[in-house]
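Pasting in a structure now, in C-alpha cells, and then I'll have a few things to ask.
As written, the chains take the letters A, B, C and D, and residue 1 is the first residue of each chain.
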Amino acid sequence: MNSYGRFFRVTNFGESHGASIGVTLDGLPAGVELSEEDIQRDLELRSPGKSEISTPRVEADSVEILSGLFNGRSTGAPITMIIRNENIDSSGYDKNRDIPRPGHADYTAWVKYQGYNDFRGGGPFSGRATAALVMAGAVAKKLLKQMEIDVAASTIQIGDAKITGELSFDEIKANRWSNEVRCAQPETAARMKELILQAKSDKDSVGGIIECIIQNVPAGVGEPFFCSVESEISKLMFSIPGVKGVEFGSGFKCAEMKGSEHNDPFTITDGKIITETNNAGGILGGITSGMPVVFRVAIKPTSSIQKEQKSINLKTREAADLQLEGRFDPCIVPRAVIVVEAAAAIAMADLVLSAKSELKT
Amino acid sequence: MNSYGRFFRVTNFGESHGASIGVTLDGLPAGVELSEEDIQRDLELRSPGKSEISTPRVEADSVEILSGLFNGRSTGAPITMIIRNENIDSSGYDKNRDIPRPGHADYTAWVKYQGYNDFRGGGPFSGRATAALVMAGAVAKKLLKQMEIDVAASTIQIGDAKITGELSFDEIKANRWSNEVRCAQPETAARMKELILQAKSDKDSVGGIIECIIQNVPAGVGEPFFCSVESEISKLMFSIPGVKGVEFGSGFKCAEMKGSEHNDPFTITDGKIITETNNAGGILGGITSGMPVVFRVAIKPTSSIQKEQKSINLKTREAADLQLEGRFDPCIVPRAVIVVEAAAAIAMADLVLSAKSELKT
Amino acid sequence: MNSYGRFFRVTNFGESHGASIGVTLDGLPAGVELSEEDIQRDLELRSPGKSEISTPRVEADSVEILSGLFNGRSTGAPITMIIRNENIDSSGYDKNRDIPRPGHADYTAWVKYQGYNDFRGGGPFSGRATAALVMAGAVAKKLLKQMEIDVAASTIQIGDAKITGELSFDEIKANRWSNEVRCAQPETAARMKELILQAKSDKDSVGGIIECIIQNVPAGVGEPFFCSVESEISKLMFSIPGVKGVEFGSGFKCAEMKGSEHNDPFTITDGKIITETNNAGGILGGITSGMPVVFRVAIKPTSSIQKEQKSINLKTREAADLQLEGRFDPCIVPRAVIVVEAAAAIAMADLVLSAKSELKT
Amino acid sequence: MNSYGRFFRVTNFGESHGASIGVTLDGLPAGVELSEEDIQRDLELRSPGKSEISTPRVEADSVEILSGLFNGRSTGAPITMIIRNENIDSSGYDKNRDIPRPGHADYTAWVKYQGYNDFRGGGPFSGRATAALVMAGAVAKKLLKQMEIDVAASTIQIGDAKITGELSFDEIKANRWSNEVRCAQPETAARMKELILQAKSDKDSVGGIIECIIQNVPAGVGEPFFCSVESEISKLMFSIPGVKGVEFGSGFKCAEMKGSEHNDPFTITDGKIITETNNAGGILGGITSGMPVVFRVAIKPTSSIQKEQKSINLKTREAADLQLEGRFDPCIVPRAVIVVEAAAAIAMADLVLSAKSELKT
C-alpha cells in the first residue's frame, strides 16, 4: 500500500505521465508554520535539467497545496500537495511497450497488474514519484525544526570516488549544495563529476552512496523490534527506487570488528551522557541514544542507459534488443540526496510523534 | 509497537527474565498442518549450549502452543506460542543496574521507559526475545512450503573469513547445519570457528555476515514504495538485535558498478522469463521478478564481552568501569542464522498473502 | 487519522472553504473499469440546490481524477479524486468565530486544534466533506458490482413518518431516487416531505432514519471480534457527521425479543442454505451468512437552524445568543442516503478483498 | 484480524475448548501500577455460576500474567495475560457437529474456515472469548484512572423492564453490582430478574440494553471521520458477540426530534464550558466535548436455548431438528455489563494516548 506512518502518515499517488504526482500528509499537529515556498525549495533540489550531469528534461514541478493549510499554518487536517505533469510526450513509450527495460519495474509491474498498469515512463515506479517523498519530507523537516532536530544528506561516493576522512555536520550543511553532485568535500565532488561525465559519454551510468545524519534527536525515541529506528528508516529508504543497501553506524564493516572496538564507551561531557565513538549510529536496541543518527544508502547506477541492451518481447516471447531513446541522468545519486533526506525526515517525524504518546501521564 | 504484518501478523512479547517469551500469530489461513515439533526444530537451531563456540547457558526452550490449533491444523484463529523462562538467576543484574553496558539498550531503555523497564538480562531487548521470531518464522515456513517457496539463510562471513565463490541453493540447504557456524562451505566454516575461538580466548567477540535466499517466489509479489519487498524484509531484519546493515542483490557493491553491468538482461529459458544475472536480488520496483530473492545482513560483534569496559554510573553521573560476569557467545552470528531465516519467512508470508487480495476478480 | 481500510484504503482530505475536497483510494485491484461519470452520478445525488427541501446553495461538485486511471481502467496504483470549492464566500464566518454553534464541532475542534483549525463552514467537519466518501464509495460499488454485490440505501423515517411494511430490494432500487426524500414508498415520501417543509417554515430542522441493504454478499466474509462486519460498517457509519445510532437486523428491538423468536432457523431453498427470517441482519459471529446485510442509521436533525440559540463567547467566556444567517437543509437525511450507501460499499469492498487473502492455497 | 488500537493495542487469542483464552496488550506506558488482582476482580464480574439467573457451569478464570510486569508496574513492554480452560468436556459437541445452531457462528465459521475451525463450544466465537476484553479493559481502566477518567456500564433494560428516570453517575457506581442483573435501580432489577427466570423456565432466553457512561474525559479527544469517538467505541462494541445496536446520546430517538430540541446549548458553570443538555452524548464532530460520553448497546437474547429448533445438516443438506443439551444463561446481558465497560475503556485508552501525540510541541 502507498502509505507510511502511524502518526505522521504519508500517502503518495500519481504517475510519471498521468495528471499529477502528489501526497497526502496526515497527523501533522496543528499550528506548524508552512508555505508553498518551503516545499518548492526542496523540490528544486530534486529537479533535473540544471546541469550537464543530469537529464536535460525540464520539469517545472510547481507545488500546489490542496488542503490543510489556513493562515499560513497547519490546521491538524490532512495536507494534500500535488505537482502537475505538464508538456508530457508519451508517444515514445508505445514503441517498446512489450519489451521490458532491464533494471526497471516494467516486467514485474506487468505481471502484478496483469497488464493494466500505466507503463508510460514507468508510471508510479518512475523516479519522478519520489517528488511525493520530497514534498512530505519538506513538511516533516518543518516539524522537526520545531524540536531543533536537523537532517542532512550528502553524496559520499560515486563509482570509486569517495570522500576522505570524516566531515563535521556543519561542514556538510555548509558545502553539500554548493556543487552538482551534492558532496560536501569540493575536491572529491570534482572527481565525482568527472566519473559521471565519463559514464555519460560512454552511454552508460554509474552508482554511488549517500550518507545521512540526523542531529539533535533526543534519547529515547524508537522502539525495540519492529519499530526500531533502523526498521523505520530502512523501510523508507528501500522504498526509494534504486536503493540496494542501507547500513547504520559501523554498517557492514562491523563484520570484521571486535566487540571491544565496536562497543561505544559511555562518558559524560558537559553534563550530558554521550558515547566516545558512534559505531551504533546513534541507536541502541532500536532506540535513539542522543548521539547523531548516521546511516548510508547504496544507490545503483541508473537503469536507463543509451547502450543497446538485451531483453525479450513479452508478446512474442522471443529475444529482443532494446535501444532506449531519450537522454537520461547518467547518475541518479545527486538528485536522490534530497529524497534520502526527505525520507529520513518522514521516518523521524513519525518516531518523535510516537514517542509523545508513550509518556507517562 | 511489537507487531508486524498486515495479513500475517506477528505480535511478540516477553522478556529474558520474566515468565516467558512468546508470540501471537494472526492471519494464518485455516487448514495448514502444524505441530509443536515444527516449531521446536527451529528453536533448537537458535539454542546455545551445544558447542564450544556458544555460551554454556542451558535454555530448554520448549514450545507450548496456547491457541489456534485443532486436530493438527491451523483453524484460522490466532496462534499463541510461548517458551517458559526456567531456572533463572537474576541476582547478578542488580549489581550493575546503574551502569549501562556499552553496545546494549540499557541506557536507551532507561531513558525511554523512565526507569520502569525490566532491566534483568536486557528484558525485552535480550537476544532471547528473538525466539519469538523463530517460532513465528517456523509457522511462516509451513505456509510458504504449501506454495513451494523455500527459504535458507547461512553464514558467509565471520571476521575476515569469507566464503569463496558462489554456492548453489542446494549446496546451502545441504551443508549449512552440518557445522556449528552454520556456513555451507566446510573449509571456510573451520576458519570461522577458529576466529570465534580466538575471540573467546581474548575475552572479546567478533561479527559477521549472513546471506539469505528465498527460492521459488512467484513474480508479482510486493509493492512499489513503502511495501516494497526490500522495505518489508529490511524492516524485519533491522528488528533483530545486532544488525547493522542490509543489502539486496549487488548491494553496496553497486556504487562502483556501471548500468551496463548492473542491469540484469531478460531472457527466456525453458519457457520461463528469467534474468541472466541477479544483481537485482530478485526484486525490481519493489516487486519480485521470479528470480531468487537474495539479501545479506551484517551482524555486529556480541556486545557482552568479558574484557573490562568504560561506562558511567547513571545515578552518580560519574565514570565507572564495567566488568561483566558470566559467559557470553563470542559470536552471535551462528545463532542468528535461523533468526534471519525466520524473519525472512515472516516478511514473505505477509507479502504473498497480500498479493492474493490484489487479484482481479 | 483520516484513513480507513486495510485493503481498500480510503484517505480523505479537504475542507469546506479550502481549495478542494478529495480522497485517495489505495488497494483497488487493477483492471476495474472506471470513469469520471461513475463518480459524478453519485456526487449529484448528494448535491443540494435541486429542490425546495434543501439548501439553495449551488455546488458544482465536478470530479477531477488526478491519478490511477489509464485507458479507462484502474491500474492498481492509488486513485486520487478531488472536487474544487468554487465561488466561496467565507466572509460571514468571521462574525461568529468565537461563538461555537450548538450541535457543531466548532467548540471541540477549537480545543483539539488549539485554535488553528480552519473554522470556516466547519472546515473538515463540514457535511461537505462527505463528498469524499461518496467519491470513494462510487469506486467501491464498481468493484462490488464485478462480484455481483449490490448496495442500496433509502430513507425509512423522517420525524414520525415511517415506511409501513417491508419493501423488497427491487422496490427499493426502483423507487428511492424518484422523490426528493429518497424514500422507496411514494405515499410515505409525501408525508416526509411535508414534515421537512414544516420544519423549514418553523426555522427548525428534523431528523430521520436510513436503511441500507447489501445484497448478494457471499457467506464467509468478515471476522470474529474487531473486524466483524458490524464493527467495520459501524465504524464508517459513525464517521458520517450527524449519525447517532447504528443497528443491524433486529437492532434495538432485540431487547424485547425471546431467543426462540430471534434465532433465524436455517433451511435449504433451491439448494442454497438460507435462514427463514433475518433478525441477524445477514451476519453471524461477525461473518456474513449469505443473507442480505441489513442495517439502519439514525441521523440527527440538522444542527444549523435559523432559530436563535444559546451559546457562549469563547474569548469573553460569557453567554452569547447566536443567530445563524444563511439557508440550511431543514433535513440532511435525503442527502445522507448516498453517503450511507457509499460508506457501506467502502466497508464491504475492504471486507471482500480481505476475505480473498484468507483462502487456503 | 484479532487486534484493535493504534496506541493501546489489544490482540486477543484463544478458544472456548482450547488451552486458554488470552490477550496481549501493547502500548501501555511504563510505570502504571498493576497486579493480577486488578484483572481478577473484573473477570469475576463476568463469571457465571454465581446465581440462579446464570449457567451453573463453573469457570475458575484465574488470570496469569506472562509478560510486561516488573516490580508491580508496567514496563512499557507488551503484557500478555491468559486464563486456562480447565476441566473441559468437549464430548457433547461432536454430536451436533454438522447441524449449525441458529443464532450462532457455527455455519458462517464453517464456510469461512472451510471446516478447519475449532467448533467446540463455538471456539473463538464463544462468549468466553470476551474474557480477553475484560482482562485488557481492566488494564485500560488503570490507565484511565491515572487521568481521573471513570467508566461505568449497567443494565437499563431486560425484555420490557426498563429503568425509569435518569440515574446519576454516582448512583450507578454505587448500586449496579449490588444485584445479579447489574442494574442500578433496585426495584427495576427485581422485575428484570423475574423476566429472566420466566425465560429460563420457558427454556427460552431474553435480550436487553446496557448503558455505559465515561466520566471526566477531557474535551478534545477523538478525531473527525474514521477515528471519531463513536467510530472507535462502536467498532469495539460490535465486536462483542450478541450486540445488535449501538447509539450515542439521543440515539435513535433523534429521528423524531427537532434541531432546536436536539442542539445542546453551551453555557459556562463554575468557569467550565458545558452544555445544558447532552443529546450529543459528549461528542461533537467525533471529538469529546468534556460532557460525559454516553452510549447504549442492544444485546440479543441468548442464542443457546433448550427449546427444540429448526436447522439443517451440512453434510446431508437436509432439514434437521436441533435439541441443545446443557444449561445456558437465559440472559447474557448481566454478564455482558463488564464486557461493555471493558471495551469502552479500551477504546478510550487508545483515544487518549492518541490525543497526546497530537499536541503542538
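Definition applied: a residue touches a chain if its C-beta (ideal position, glycine included) is under 8 Å from a C-beta of that chain, and two chains touch if they have at least 3 such contacts.
Please read these numbers as outputs of a predicted model, since none were measured by experiment.
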Most remote chain, CA-based centroid, reference being subunit B: C
Geometric centre distance via CA averages, subunit B-subunit A, whole Å: 26
Rounded Å distance, subunit B centre to subunit C centre (Cα mean): 46
Of all residues in subunit B, the ones touching two or more other chains: 1-3, 6, 12, 27, 30-31, 76-77, 112, 114, 124, 224, 358, 360
Arrangement of touching chains [line / ring / star / complete / other]: complete
Touch list for subunit B against partner subunit A, complex: 1-4, 6, 12, 100, 102-105, 107-109, 111-112, 114, 122, 124-125, 129, 157-160, 199, 202, 204-209, 219-228, 230-232, 234-239, 241, 243-268, 271, 273, 275-276, 279-281, 283-289, 298-305, 307, 309-312, 314, 317-319, 355, 358, 360
Touch list for subunit A against partner subunit D, complex: 6-7, 27, 29-32, 76-77, 143, 146-147, 224, 353-354, 356-361
List of subunit C residues in touch with subunit A within their complex: 1-3, 9, 11-15, 18-22, 24, 26-27, 30-31, 64-70, 73-80, 82, 112-114, 116-118, 123-124
